[in-house]
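Dropping the structures in below, format is structure tokens.
What follows is a pair of complexes built around subunit A, which joins subunit B in one and subunit C in the other.
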Partner chain A sequence: MSAAGAAPERSRWLKSAGKQIREFGMPLVFTACILATALIHPNFGSFDLQSLALGALPLAMAAAAQAIVVISGGIDLSVGSMIAVSNVLSARLMQHASFEESLGLAVLVLVIGALLGAANGILTAITRIPDVVVTLTTGFIWGGVALLILERPGGGAPAEFLNIAAGIDFSEWLPNAFIVMVVVVALIWIPIRCSRIGLLLYAAGSDPVAAFRSGVNINVARTLAYTFGGVACAAGGIALTMTTGIGAPLAGTYYTLSSVAAAVIGGVRLSGGHGGMVGPVAAALLLTLIPMDLIFLNIDPNYGQVIQGTLIVLVVMFGGFITLMQKRK
Partner chain B sequence: MSGVLQFLRDRTIFALILLLFVFIAGVEIARPGTVTPLWISNMILFAAPLAIIGAGQTLVMLTAGIDLSVASVATGSAYLLATNANSGDVTALAIALSLGLTVGVINGVGVALLKVQPLIMTLGTGLMTGGVMIVYSQQMMASQPHVPVFIQILGAGKVLGLIPVDLFLWIVIGALMLFGLHRTGFGRLLYAIGDNREACHLAGIRVWRVELVNYVLCALLSSIAGLVLVGGTNASDLSLANAYLLPSVACAIIGGTSIFGGRGGYSGTIVGALILTVLTSLLTLLEVHEPIKQVLYGAIILVLAAAYARLTE
Partner chain C sequence: MTTNEKLLLNIGGVAKRFGSVVALRGADLEVRAGEVHALMGANGAGKSTLVKIITGVYPADGGQIVLDGKPVVFRSPAEARKAGIVSVYQDPAIVPDLTVAQNMRLARVPIEAVRASMKKLGIDNVDLSKRAGDIDFAILRLIDLSRAIASNPSILMLDEITAALPADLSDRVFAVIREWRESGRSVIFISHRMAEVGALCDRATVLRDGVTVGVTQTKGAEATIVNMMLGEEVAKAAATHHERQAPAASGASGDAALEVRNLACGHALRGVSFRVEPGEVLGVVALEGQGQEELFDCVAGVRRATGGEVLARGKPLRARHPADAIQAGLVLVPANRLQALLQQRSIRENVALATLGGMKGWLPIRMEEERQRVDKAVRRLQIDTRASAELRRLSGGNQQKVVIARWLASGFRTLLCFDPTRGIDIGTKQQIYALLREIAGQGASVLLFTSELPEIRLACDRAIVLFGGRISAQMSADEADEASLLHAAHGLDAAARMEAH
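Presenting the complex of A and B:
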């Protein structure tokens, strides 16, 4: 009796431990990596911290966008192109604008991001083409749009506006980019998480059939997820303008694959319905830290992409391996 | 009218061929006198590498998978061939194809054995391959890459000035694909797995073996396509096949292969690849600005895929 009672108790404990690792493992790994960085590079100072925050800011937004969509059971391969569109659009519009006008234009870019995201969701819903194919294609289309807006790197924004993310207003150990990262992701995620929308997204992601039978309109839920993803991408594009000072039509392409990498490494399950926002953001920081560490170690930073790919493969393979072992039992 | 629609619904390949001729007519209208035997020969020359990557993509899509590493593998193989050309044709060819083999095995092990979603697995291996090639290219700076002559003939040559050499390779691969998919146990198994994996498993089929082989085949086909491509351009760089990822998926989808598995075949992909090649030619003839071309190309792919989904519902 007692043995039979202990077994489910133990598996429940294991399950909840697994969930904790998924959710909070990545911040721990990231903290460990920062400490390791300080060890291998004793001069690691506030300057390195600032460049880490600047580099990770757009990727964190991209990771957040991807995480929202993946949680609802979709995938968005147009993240990079949407970031590119918002990047060149903001850099082009703000070039001769004042600070106040730039703030208004930023809102406009966010709205356009929402529309681009919504287009992904609506196209998936009405054409009944799989989301992978739709977003692969729209990614291609938005890529063309970004080139139409700005053919070669250029544009700009007022210095005060750039300063929102690129400056240091509080402490040299707390660059603005960190604050912007936390605030923007929280502004997008907390309203979703605390409202019925969050419930809809998780329901649509974890079991679409059950969700449909409980009266959830899957198409609406997915479209909402893509729309919020679009807003996060637009924020990422504006962040890219702030951190680089210009708009570049091809700079966004990097973020498609990396956003998926950050989401997956950050514990968002690709099958949908699982994961949060802390993991992906920490993973975005980690993915930015790795190439920096490689430079400190005098290794070709181009290995960064190899490591990124290997990390995705290892994380998902490890997940598969655990499931395989559990089935064997 | 409804009779015609019904006929097209049952024989979608005719609808596709009809569409192909509509696009060809469009080319002729856009600039009269363009459609000549030489133009047709060029279209086939350009369509062959796409159709070969499309063959691999069709194979994995039949089992409800997708391979997003095809472009990186094709680019990497081409680059390896060009940089190793000095050590002899056979060695260079072996090194180039071994990249496809390696990535294919990694993809296969991840997808078939460890049950990783194909999308994320191949995304990861694609990133890895791309990264390895960047690092490799920086170590190879000193040596002068060049494309072996036999690959140049394969990718750009024409017999009697009209029949592209890569057509022969395409015919061989196409025949193997069509025969393999419809007349062999392996081909039948691909459809069966895509249709109902669980039933296959219960019927005693070792699903993982079939899938593993399938991903290796897909990566090898991408490798071969990369070689044909680099033969055509005669210049290898690390963005050679990047533009082929979307078209490789699109030509299979337009050709009627379902991404959910179990439905489709290679004949549709062949016509799909031809349609996309003629479409590119049409957009080039219209002399639209490059970014607008990109937007139109993507939009037309979406419309075609959506129309196909509606037609076969």
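Presenting the complex of A and C:
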């Protein structure tokens, strides 16, 4: 009987703890990991920070793309292929272009990314084939297209264009790649979040039936999500060109599953309707930092994948545990 | 122009089928401006389907909808809303991960208007920035109602709006509905609670088997409405009355096959107690959503009860999993055959699954023994085995028999049958009744929920009626004519008693 007073107290605590961890846990974990890195590797300096930012930039875009789609209740297994297409396309088109022309071509690639994403959304909506199947299939197609555009790694872009992301214009402790990461994700996400579109995405992902009955066109909402995801993927492909300097038709494939991993670790609920952008971007940084730390520790960097997998299981289990405790009350 | 200017909504001959199941054959509904119109009908009569067609959730196969003199077709709830028809569904159309305010924006409803209607309903203390999923279910339904009112429709449809509400909130809802009527707009009111319908509604349209069978004034016409819902089946069923054996020796023999004490499950089931003796078939009757699903799920170990206990042969059973209940001899034949069967596999695998489910040994399956056992059960139930390789090619009746055959092959003490004859042809139904009697005759017991009231007299020894998560009546099969069952299922006895005080 005496426990009656304590029970709601405990559930309220759990609720707020769960909320805080989901919203801000990943940036905190990442900060902790950076500090830990500085401890185990006293020489950790601005150069390491730069390579971290460069390495994480395309993954952050991929994570953002995946997060948008997953929030709306879908999943996009063509993220890697769309990044590959944008990567080789930009590297091939920009190889002999001037800086100004490159900027224009970058916009073109973003538009193409939007079209690829929209194709995923429209196919899912019209054919009613499950999104996993549709995006897996289109992923194969775009992967082939990437090989047609550029058979082997090559191409390039003007140095000024590469320096947008690869350079250091402000401080050696604040590489451009960080700024590009934050600005691009914000440019894609803030308009969504502040408009009706964001509402549609969360509603469609959270409870499609209730959303439909509230007057939401679910097909439109999902197609929008895939379209924005396509734009983010194209940005990721361009970022890959900027950070590597070339186009590589097979380099993109890594990003499909890593984007899902970053989204999930970043607190996006796989069943849809919950999550944001801060978590997935921080998770992308974390997933890039882990293999670096392993090198510092003289551990085989291939353990990175093992750790990444373990992290996903732990994060998902923890989320499930919190939900379970809330339900039990 | 016709002179139908008083008619706000005129629906004629609406039909709808889902695959081979006909939900509506020819539903008519006329709603006048400024009236509260009740839509009545037994389970499966087609009320919900009609509501969903009117609001554009499903397209109709035939018939027409005339709104304010103009024929209309809505392809989505959004279109219906624009035309002035808004529905409050049984499960609130509120997205759980958005805040209340965001939900209002989602439906493009002005927040000030929602606040005003929430105030009228007495729920203006709800924090609009709260996540909708964290709000109490009853309050959520009222928020859904507030939103519907705030969008200012000409026709408001309320599907079982009072089902989850405490009495004081129901009264507020009724006050709002009456005010709504005063302003010359209409309400289509769906409720199983006859007393509410009589007190609140002007006229009622009654559906039976997907057809409109009558329209009547509601004042003092409760009995007429119940009779219309029943139809002529009463006479038919009486003619096919079956010979029933006397139930096995009563109580004295000791432990009941199944005893349920004060079982509760959330809001749905609020303390139900009964016994089923060995050799007895106990019928359960209830309208939709009166706690029967929860009762069967809790007894079968599909979900955990929040209170009370279940005793199998006198031994308390704490089932954490259906396997525990099966171990104790309680086996479930669920309403949805898809839940029970492996559609892509053969009859034999499906029947044998229950015996193999326990994984008693890791030795290879003894095929010959399995075959004999399965064949015996299949023969006993006269299952049509022409399409035995893949279960989904079997008719619904034969699939249902496979579910029962599975338990016959594995052995059980109490069979929990949830609406086993839904959507099954009459011949197979008779076979299933006969089988249930046979099972009882051999000393096992059966708990049978049915939505077809004549079955109580055909197959059961006793019946209990659930209403609002409690037992509202108990009667022997001889007393259980459809009128008494239906009255009890509508909670009418209770209401009458309350009025007498």
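Note that the second predicted complex is superposed on the first by the 308 of 329 C-alpha atoms of A that agree within 3 Å, B and C clash if a C-alpha of one lies under 4 Å from a C-alpha of the other, contacts with A are read in each partner's own complex, and residues count from 1 in each chain.
Assume a residue touches a chain if its C-beta (ideal position, glycine included) is under 8 Å from a C-beta of that chain, and two chains touch if they have at least 3 such contacts.
Just so it is clear, the structure is predicted and the values come from calculations on it, not from any experiment.
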Partners on subunit A (subunit B, subunit C) - clash or fit: clash
Subunit B versus subunit C as contact partner of A:Val183, first or second or both or neither: neither
When both partners are placed on the shared chain, which of subunit B and subunit C touches more of subunit A: B
First, second, both or neither for A:Val313, with subunit B first and subunit C second: first
Touched partner set for A:Tyr202, first subunit B, second subunit C, both or neither: second
Touched partner set for A:Ala38, first subunit B, second subunit C, both or neither: neither
Intersection of the subunit A residues that touch subunit B with those that touch subunit C: none
Contact footprint of subunit C on subunit A as seen in their complex: 15, 196, 199-200, 202-203, 205-207, 209-217, 273-274
Sites on subunit B touched by subunit A in the complex: 66, 106, 110, 113-117, 119-121, 123-132, 134-135, 138, 245-246, 249-250, 253, 259-260, 289-295, 297-299, 301-302, 305-306, 309, 313
Residue ranges of subunit C in contact with subunit A within the complex: 55, 57, 76-78, 81, 87, 89, 91-98, 102-103, 105-108, 134
Subunit B-facing residues of subunit A, complex: 75, 123, 126-130, 132-134, 136-138, 140-141, 143-148, 151, 257, 260-261, 264, 270-271, 300, 302-310, 312-313, 316-317, 319-321, 323-324
